[in-house]
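Got a structure here, written out as structure tokens. Questions coming.
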Amino acid sequence: MSAGARRGVLPGFGLSTGFTVLYLCLVVLVPLSAVALRSSSLGWEAAWSVVASPRALASYRLSFGASLAAAAANVVLGGLVAWVLARYRFPGRAVVDALVDLPFALPTAVSGIALTAVYGPTGWIGRHLEAAGVRVAFSPLGVTLALTFIGLPFVIRTVQPVLEDPDPEVEEAAAVLGASRWQTFRRVLLPALLPAAITGFALAFARALGEYGSVVFISGNMPMRTEIAPLLVMTRLEQFDYAGAAAIATVLLGASFVLLLAINRLQAWTRARAGAA
Amino acid sequence: MTAPARSLAEVERGPRTAPPRPAAVPEPPPRRARRATEDPPAVRWALVAVALLFVGAFVLVPAATVVAEAVRGGVALWWKALVDPDALAAVRLTLLVAAIAVPLNALFGLAAAWSVTRFRYAGKSVLVSLVDLPFGVSPVVSGMATVLLFGAHGWLGPWLLAHGVKVVFAVPGIVLATVFVTFPFVARELIPFMEAQGVEEEEAALVLGATGWQILTRVTLPNVRWSLLYGIILCNARAMGEFGAVSVVSGHIRGVTNTVPLQVEILYGEYAFQAAFAVASLLFVLAVVTLVAKQALEWHHRPRRPTVLRSAP
Amino acid sequence: MSIAIRDVHKAFDATPVLRGVTLEVPDGELVALLGPSGCGKTTLLRIIAGLEAADAGEVRHDGEDVSARSARERNVGVVFQHYALFRHMTVEENVAFALRVRKRPRAETAARVAQLLRLVQLDGLKGRYPQQLSGGQRQRVALARALATEPRILLLDEPFGALDARVRQELRRWLRRLHDELHVTSVFVTHDQEEAFEVADRVVLMNAGRVEQVGTPAQVFEEPASAFVMRFLGAVNAFKGWVEGDRAFVNGLDLELVAPASAAHRARAHVFVRPHELDIHRAPVPGSFAASVERVLPLGAAVRIELSAPGVGGAVEAELDVRRSEALALAPGDTVHLAPRRVRVFPSREDELDSLTASAL
């Protein structure tokens, strides 16, 4: 019996799998390993001095901190938008639903200049915030704002399908059993939403961590204050310090890997939960 | 209400006279009980208001700003910024890059989805996770990977340069970086869709005597066409709008290696705000077209879960 | 075309699904693979079609080993469980598919398709898409499509599974008539005993990856080869007991056996009596045991009596025709005497007890 037939009887296994693996290696794996290998060419100590330099540490703090804050904001506000979109009918709902995808579809450079124009010191909204003593542009707050913008679709689009589940029986059962609306939400709906919300959080966080385009315009790029890690990589590259850039990039890559693994697990969890329901 | 005691016979025949009514009391308006799954109106409207405010401030206002700023100096000025030779060169380059990257990744997506959803083999789940990888990687790091491989000091760069092929700070580098960044889009759409569709139709075609190519073109492609198109639209949007990765490899040579997003950055950096927003409005239109196409596809052919699933053996 | 399967084994991810299946299907016969879900019947069908490769063993069509031939080259007609109609093609295009991929001349294809659509009585619906058809119509399209290339083997996977009861009845008879017309060797998978008995010439009973018995419907029902077959086909009263020579004992009760069991000395056994082979008497008769009536359930032509018989260890079911039931005028609480007309005994193995209790009683 041929081994191939055990995989399935349709033709094209060798061709499709071969092409997939080859393409994956050429386009993704080889370039990414180049990054990791290049940083190792520095040697441990030199690499460490780059990776752990005060300026690099400040950039990680900003990148991780702002990304966490943005993802958290998205869980709360995005979760709320998902709830409203899935549960209520109100004028303009279709428009809001379509707008949610805009941060995903809009090129990041455009998002960057648009956000700066709105929230900059002379912008439509920034002007009023400035007057109230809140500085958005050229501050960590601006970075967080931009990252919240680009992460906005992730939580909404992962939570929304769970909320749209057309089976109201569970909620009705809770109501019949004497739960108030708030109790039903907290004890029945929220636990069911949790896997999706955490997945959305992780997706938004991962996206924010690597984001570049929408941040660089509004952040002002001041070293130690508003310089995100991807920008530091860019700066090193512009100075042709490839090894130094690769070292910091490797830190970012490591974080991406961990997040990707976590997201995979989370999605499996979400599916398992959805399947069990 | 107390009814006077009546004999059974009376009840059966019905009262001869109307029972005395209590004095007329204004009845309370019939109060409809809220359904158990409904929220109080106040809560509903408060939540809707917060959602509108959030989406408005974060999405609608910035989007409106792009349009407003683009035409601030009048439509003539907007048009002038668009037909600027550098801007036109950027548009041409962006179209070229997308025209190469999107078909390549569509082909890859189809091959990957066919391999992963039509066969059983070890390592399949690893392959699927690796497809997602570029989503998690910072665009700057993606672009940098291209530089490290093909740059003047990279692994292959010197050899390529010696043979007259310039990759980094030239069009090939931009294409490579874009291919990397847009790599997962089509595969991500097709894999779950084809998984859900199952293999029965392809098996039926095989039993009926179709060759591999005939199965692909006559059964699989017609079935996945909307899903494939959806993936291509998303892939194209990202390919044309990519900024970070392309920014690393392009070298920002005006009229030569500037894509539209890079042109926006340059103009903005030169404080040519109006021109920057004018060019950005092109990308805004791209985003709107993408969203409209996405909505239309979802409306017409919502990738519903087909009921036909492969029966477990 | 005859089908011969010899010692076929198949496992999915180290879970054995077929454990040495051997089966012959003579040319022109209509055979049902019958068994509970998970017994491996669909996998066996897919191996015959070439949609799955066996891990070991061989499959012969007309004496020729086809194990190495792909599904594409076997020219076997398959009707899939959910029909697998090409949803973007019309009825006509679906039926014509096999001929078109073989690049047959247009005129020939058109004539053949028209003929097939007449055969399945769908000529009026040839321009429809599968979504616009009812379940029964889809099933007939699938059948016409499978027959397009005049295959000499037709395989059907749960062909009536997805249909509602009335349509199922009609299609069963129709399939039987069609088979009598075409005489194509056919194998169909089902978990429904009634369906298998009504349609098939012979029934193959499968359980846990093995063939338990092959025979005509009457044979397998009257002479079940194993405790599994006994339990799977129709309702049954099952007791645990012993067998010795031609006598069976349940809790000290002495029952006469219809056929001598193989056990020469005392052995543990499953003792079975079908409800309709259990007579009810008001007074004791030789070989009867006492029971009390719990419930009387009229089921139309028959009446089911639920009884409790402490002598044989609990609940017993009997089935009488209406007239007999009226004559007895049974009421809950009555004490009656049960006399089995026919008792079947199968030696019990320790390991099979669980799977037996799990399967349909």
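Labels A, B and C are assigned to the chains in the order they are written; within every chain, residues are numbered from 1.
Here is the rule we go by: contacts are C-beta pairs under 8 Å (C-beta built on N, C-alpha and C of every residue); 3 or more make two chains touch, one makes a residue touch a chain.
Bear in mind that the values here come from a model prediction, so they are computed numbers and not experimental data.
Asker: If you average the Cα atoms of each chain, whose average lands nearest the overall Cα average?
Answerer: That would be B.
Asker: With centres defined as the mean of C-alpha atoms, identify the chain lying farthest from chain C.
Answerer: A
Asker: What is the distance in Å between the mean C-alpha positions of chain B and chain C?
Answerer: 49
Asker: Report the inter-centroid distance (CA atoms only) between chain A and chain B in whole Å.
Answerer: Centres of chain A and chain B (C-alpha means) sit 14 Å apart.
Asker: Chain A to chain C: how many Å between their CA centres?
Answerer: Comparing mean C-alpha positions, chain C is 54 Å from chain A.
Asker: Mind pulling the residue numbers of chain B that touch at least two other chains?
Answerer: 203, 206, 211
Asker: Which residues of chain A are in contact with two or more other chains?
Answerer: Chain A, residues with two or more chain partners: 6, 9.
Asker: Among the residues of chain C, which ones contact at least 2 other chains?
Answerer: Within chain C, the residues that touch at least two other chains are 50-52, 70-71.
Asker: Touching residues of chain A toward chain B in the complex: what are they?
Answerer: For this pair, the touching residues of chain A are 6-13, 15-17, 19-21, 23-24, 27-32, 34-35, 38, 77, 80-81, 83-85, 87-88, 90, 92, 96, 98-103, 105-111, 113-115, 117-118, 123-125, 148-149, 152, 168, 171-172, 174-176, 181, 206-207, 209-213, 217, 229-231, 233-234, 237, 240, 242, 245-246, 249, 252-253, 256-257, 259-261, 263-264.
Asker: Inside the complex, what are the residues of chain B that reach chain C?
Answerer: Interface residues on the chain B side: 200-201, 203-211, 214, 218-219, 222-223, 307-309, 311, 313.
Asker: Give every residue of chain C touching chain B within the complex, in rising order.
Answerer: For chain C paired with chain B, touching residues are 12, 17, 40, 42-43, 46, 49-52, 70-72, 74-78, 80-82, 84-88, 97-98, 101-102, 145-146, 148-149, 157-158.
Asker: Where on chain B is chain A touching in the complex?
Answerer: Touch residues, chain B against chain A: 36-37, 39-40, 44, 47-48, 50-52, 54-55, 57-63, 65-66, 69, 107-108, 111-112, 114-116, 118-121, 127, 129-142, 144-149, 151, 153-155, 176, 179-180, 183, 199, 202-203, 206, 211-212, 215-216, 237, 240-244, 247-248, 260-262, 264-265, 268, 273, 276-277, 280, 283-284, 286-288, 290-291, 294-295.
Asker: Would you mind writing out the residues of chain A in touch with chain C in their complex?
Answerer: Those residues of chain A that touch chain C are 1-2, 5-6, 9.
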